[in-house]
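The structures come next, written out as structure tokens.
You will see chain A twice below: alongside chain B first, and alongside chain C after that.
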Partner chain A sequence: MRARNFGVLIAAAALTLGSAAAQEPKRGGTLVMGQSSATTHFNNAVGSGTGIMIPGAQLFASPIMHDDKWNPQPYLAERWEISTDALAVTLHLRKNAIFHDGHPITSEDVAFSILTIRDNHPFNTMLRPVEGVDTPDPHTAVIRLKHPHPAILYAMGPPLMPILPKHIYGDGHAIKTHPRNNKDVVGSGPFKFVSFKPGDQAVMERFDKFFLPGKPLLDRIILKLYPDSQTSLLELESGRLHMQPFFNRVLELERAKSNPALTITSRGYEAIGGINWLLFNNKKKPFDDIRVRQAIAHAIDRDFIGKALHKGLSRKATGPIHSGFPQHSAETTQYAFDLKKAEALLDAAGIKRGPDGVRMRITCDYYPGDEDGQKRIAEYMKPALKRIGIEVEVRTPADFATFARHMASKDFDISMDAAFAWGDPVIGVHRTYLSTNIRPLVFTNNAQYANPKVDELLATAEQEMDPAKRKALYVEFQKIVTADVPLVWLTELPYHTIASKRVHGLPATIWGAAAPLLDTWLAD
Partner chain B sequence: MALTAFLLKRLSYAAVLVLAVLVLNFLLIRLAPGDPIETLAGQMGGMTEEIRAELQRAYGLDKPLPAQLGIYLSRAISGDLGHSYFFNLPVTQLILERVPATLLLVMTALFLAVLAGTTLGVMASRRPNGLLSQIITVVSVVGYSAPVFWTGMLLIILFASIIPILPVSGMRAAVVRQGVFADMLDVAHHLVLPSLSLAIVYLAQYGRLTRASMLDVLGADYIRTARAKGLTENTVYFRHALRNALLPVITIVGLQFGNMLAGAIVVETVFNWPGLGRLAFDSVLRRDYPTLLGLLFFSSLLVIVVNQLTDMCYRLADPRIRT
Partner chain C sequence: MSANSRPAHGEHPTREALRMFARSPVAVVGFALLGAIVALALLGPMLMPADPFDIVAAPLSPPSFQEALLGTDQQGRDVLTGIVHGGRATLAVGLSAALVSVLIGITVGAIAGFFGGTIDEILMRVTEFFQVLPALLFSMVLVTLFTPTLMTIALSIGAVSWTATARLTRAEFLKLKELDFVAAEHVIGAGKGRIIWGVILPNALPPLIVSATFAIGTAILFEASLSFLGLGDPNRMSWGLMIGSSRSYILSSWWAVTFPGCMIFLTVLAVSLIGDGLNDALNPKLRERR
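So, the complex of A and B:
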């Protein structure tokens, strides 16, 4: 009797599974999505970071979006043209698009948004060449550029170019502190604003008059803050939380992997392009000597970092550009794990072992907040470099502000750090290598790397419209920089999305959850 | 008349105290390295010098420190605690939104701790060397010495992984249930673990204190008199002994209210409870000066109010204090 029941159960389970595979997308349902960094407001025209970009991309539509292969796709603009001299980009807007308060979305709004972003967004290279935006008719906007700007095709994507209602944000109030950035937000995207509890959660609801018919599928998204990764995993396991994007804690990912009720995927982080690296203070002795930098690069066992510290969840970085990027090249100088070579290089640089076996004592800072990506690797530097006679003192930063101060004042020897590329090298890669970007600020060229050839290559690549020629320039750039080794590129960030098996249509475009969740739906 | 004078005197003390708290906090916070603009730059993944200068101007951080203090004090006195650098919302709004959550947590924990603590203390005092008394002593010492975050984490492991019956994060389910009663039930469900882990520490203290105080009182002459009158043991214990034994407990409860707010910071962080404590913790990391100052200001007010209430409780418990 019992056995038979069990058989029936198995058959029923098999049936459900079979139908699950062929399940039709279901409309409705509330998706509870976790986030680890707090939303401060929803206006991604004037703020970056996932806490702002994820909800911003749901509330606001952008001119174009992208698929999972970096191909631009129509979004608010149903088509677009780039003039032959590449100095004008014409956007043809959809005629049925309206804001959440019923006002039509016009070229005026597009022009207003683009100029607002150009003047206020922290990624200041993104739209710097924009001279102005013409609006010949309500559904056509022409972006005039000072020089060709290939990155604009990505700068017009969902996390970076929200189309704001000019009738609300153009009222003369300073845009960065505009009261409507976090209250009664009126957007242009698939979801509309419902409520916001700062530091806790934001609720968004499907906009029924959204310009793409039948989209989105979900009724509601609740974006909930879980500052602690273990709590968010517990909530995922209990089914109270459905999906957590931008998850990078190795132990929790391992645990999630073995849970049959959860899916984990590393898709959807290509354009974010995060890389972990070890930064040298290139202006400080002895790191101004390339042999010292090479020696340290040779002393780091990157297989150990990938396999042991990151449990195989992160990919080795081969250079300054993430492997998900079309401009990525693996033809770079690699520093194989070779202690003998490292010691020989240090000897040649005149840094000899003292009577106590120590060649020198240095400090290592790290960006706090990413335990596996940063802290663990910084701690690993201690035993790793000890083997070649370098005593490392890990300077545990009290918090981000302390770390940022060390970076801004260049008060460091070596430092673990990470940066994101955000869709195009011009937006997020150049800043670390351009000699013109050595500034007293965190996340600039803090290595203080200066190579005129690299400056020139990047300047040319910034304006090269032909993708093949542009890639060639970046291949050259990657070769030179890895040979100069101002930093050691260690791993790509092990970002993953963890989701309940109930969630279908996980964000899979190059922007992941920082793009509108148009096709995501919840099974029963 | 005497009462009015007493209250006025108390109020003027409180005003001076609050002013001192404001100035001291303002200066102490600035001693911490790092500044809010750098933290914002980190959140935004980079920043230009122009934006940095603009933000500094907007927040008044470009002015010298004494000028900033002057502006802050004059605004605070008129009730304006400023805007949070991080959320760009009025600090008063941020705080008031979170007060109910923290008060609910702290009051529940306090109630649990006082009720269970005194009950256990009385029970232990009946047989000072009995088995129950020993057990209570051991539990008290363990409860008192275990850090609250550790107790919290153990409770999380127990009730999230081993017997998953209680929620371990937040104050409400993300998908809110309809109806006032359902909502209250939901909140109560979420409240169990945080209030328990906060209560355990204090429960232990109150238990020990009640036991010692009871033993002290039970040796007094009037207890012998009460017993000689032929009163039942329960009447002797609860009517005659406990009422007197409670005075030191009330003192400690009042004094420890501030500690409990501090404990709430840890508990709220561990259990993701959307109250003042978590806001304080996050604000320190963000160098969100206005929010932090607002919170410190607000909690000093709370402590002052609670101390006044404690004084009133004395009057209720002990008629001799009514002057």
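So, the complex of A and C:
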């Protein structure tokens, strides 16, 4: 048995090597890439979301990039140093780097971009400790920090830190509404802007004087909007569409899986780190009682969600940090599916079944726009919690604004919600758990969770430069939060890339398609 | 045949209409079908008391004798239980939406037709305004504004579909108000309210009843369309909701949409057949042809 397995392994290895040798990367070709959220502009210094970050990372280069193991790699900065007190990050820029209009990329541009992002980007914790940027010479930029900030190694990555031309965006016009954000974009990245039809497509073309020799391989990228997942799958099947990143519809993924002309992969979503969860209004009775929250956690069959509703395409979430993250820990309190325990907890909390068998009636909101990740799970809560005597009324939000208003005004009992971590817990995880971030705003600490110990741990972890020590802090954080259960972490979001087998070099770094497509190419 | 053949029978018009109705095979079939559907909707939930939202088997299990007779939907809910329980909501929306639409339509049409002049002008311009609005889009806006519940869905369907009834009522009133028996009421000093509701309306009813019947069918289809677009009430099982939530799975799992779809088809068919039968029975011109 073992010997045969070994043989298979050798055969498989030989096959892989053989096919790798046969497939020499080919230059040229136009890649048609689908997207599900609309591009409104290309300036990812002032906007987030895949509609802006995917094209932004092609048009603009960032100081550093990352491989598929979270290791920072040189990009626009050929090397960098962090001072021993961790209060200064020195970037040494490439000397041959120019913008698409021929102007050289200098430290002035880097300083301008970093401060622009600090002051305008929606992820406001990302560069908050940046005090200023010094430019001792045109190819050296020194980022001065108020306190150590380990997250900056990821905040300098492709989706988050585009280097903008100061001579264009520094003209005094308000940057968020700058007219060049969506026309005649002058970038620093591997592809240059060709045309943009809002609500339809954006065309980008290889920049021949890009600072990395021989890169990128593709001639052109056409980024086409398919708001409907069925249409994009049909286009993939017909061969008119080559690749669709950030695809999360279970039904179509299943169909794509069985199509021999298509590949699907869940690689490239590690740094995005999306988790969906059930949020409790922790300040509202009876959810202020931990036994009620535990009971509901025990009544949710997460295997059913992952295996049946998501057809095995999503992984169970073990806590607040995505399993793709280096800080992730599975040593957390897990709430096994156990209806008896759930009922006992509710009895102990004094919430007894009435004569009609109902303990209480509650509402469940959900973030609109993600059918499999949100709506279907919200609908699942109805039969699931009925088993323990809780009648759930699903409140369909009319639109995102309605959902956001319910969250901001804390007008909810329980709610389905999701969040992305974007490279570092400081950027996308802390906001949900810091008691200082209980704000009348969607995607903040809407559970209104407050634990001084957690606040302290996160404050320490935010500044801890030693990766091992930092991880230990997050392990502790994950232990405490899962024991407090202010939310129930359900699954990691089932994001996948679907691509034609003609596409080689699928985006595989931790940022996926929100990083430059330098090695992607099309076979005939 | 002459116009005075009716009194020659010496039979009460209502009884005669019933007789005509019963004689039409189409109408009888429709009536029987609707009766069966109403019985299913009213009695079914007592015979199958399971919650239609309960998960009974793996999602999208095909119809089988072991697990779910008509299969399960994408959430693992039993399609048969859904059909049995969903009838009430579907019929309730159909009936109440038709009622709202007929009430608005008759009121507007009656006032416009009876008073004429400026009032008529204003009311008819309002009616035209509603007629040129795309009905489905408008009701989608209304449902979205007031969050989808059975009540708001019924009201919004009623609010967009009353114009035909209003025009029909107005036409009847324009015709009837000039006739001698109405003039006689004026002469004996009857009030305007009495003349409108007590004298003209009863005589205008036959075509309005037929149009109300069709309104029920339209309203049921409307509810299905709204649910299809994801604007159904997610807390009340209805056939429209079943179709709406399973529509993307039609290629892989036909059963989740086909069975509720058949139920809607049969209900609307039954209502239409009854409408046709009523039309034959209540229309004196058609009666003479027989």
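Heads up, the rule we're going with is that the second predicted complex is superposed on the first by the 503 of 524 C-alpha atoms of A that agree within 3 Å, B and C clash if a C-alpha of one lies under 4 Å from a C-alpha of the other, contacts with A are read in each partner's own complex, and residues count from 1 in each chain.
The rule is simple: a contact is a pair of C-beta atoms (placed from the backbone, for glycine too) under 8 Å apart; a residue touches a chain by one contact, two chains touch by 3 or more.
In this text the structure is predicted, and so the values were computed from the model without any measurement.
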Greater chain A contact set [chain C / chain B]: B
With the two complexes superposed on chain A, say which partner A:E81 touches: chain B (first), chain C (second), both, or neither. neither
Quick one: classify A:D466 as touching chain B (first), chain C (second), both or neither. neither
By the touch definition at the top of the document, which applies to A:V394: first (chain B), second (chain C), both, or neither? second
If you stack the two complexes on chain A, which partner ends up touching A:D184: first (chain B), second (chain C), both, or neither? neither
With both complexes superposed on chain A, which partner does A:K382 reach: first (chain B), second (chain C), both or neither? second
Which partner does A:D303 reach: the first (chain B), the second (chain C), both, or neither? neither
Overlap of the chain B and chain C interfaces on chain A comprises residues 398-399
Seen from chain B, its contact residues with chain A in the complex are 32-36, 38-39, 41-49, 51-52, 55, 58, 83-84, 86-89, 94, 97, 156, 160-161, 164, 167-170, 173-175, 269-270, 272, 274, 278-279, 282, 284-285, 287
For the complex, which residues does chain C have touching chain A? 51, 53-55, 58-59, 74-77, 144-145, 147-148, 234-235, 245, 248-249, 252
Under the stated contact criterion, what part of chain A meets chain B in this complex? 30, 32, 37-38, 40-41, 47-49, 51, 120, 122-124, 174, 176-177, 181-182, 197-201, 222, 224-228, 231, 234-235, 237-238, 240-241, 398-402, 404-405, 408, 419-420, 422, 428, 431, 439-444
In the complex formed with chain C, which residues of chain A make contact? 230, 251, 254-255, 304, 308-309, 376, 379-380, 382-384, 386, 393-396, 398-399
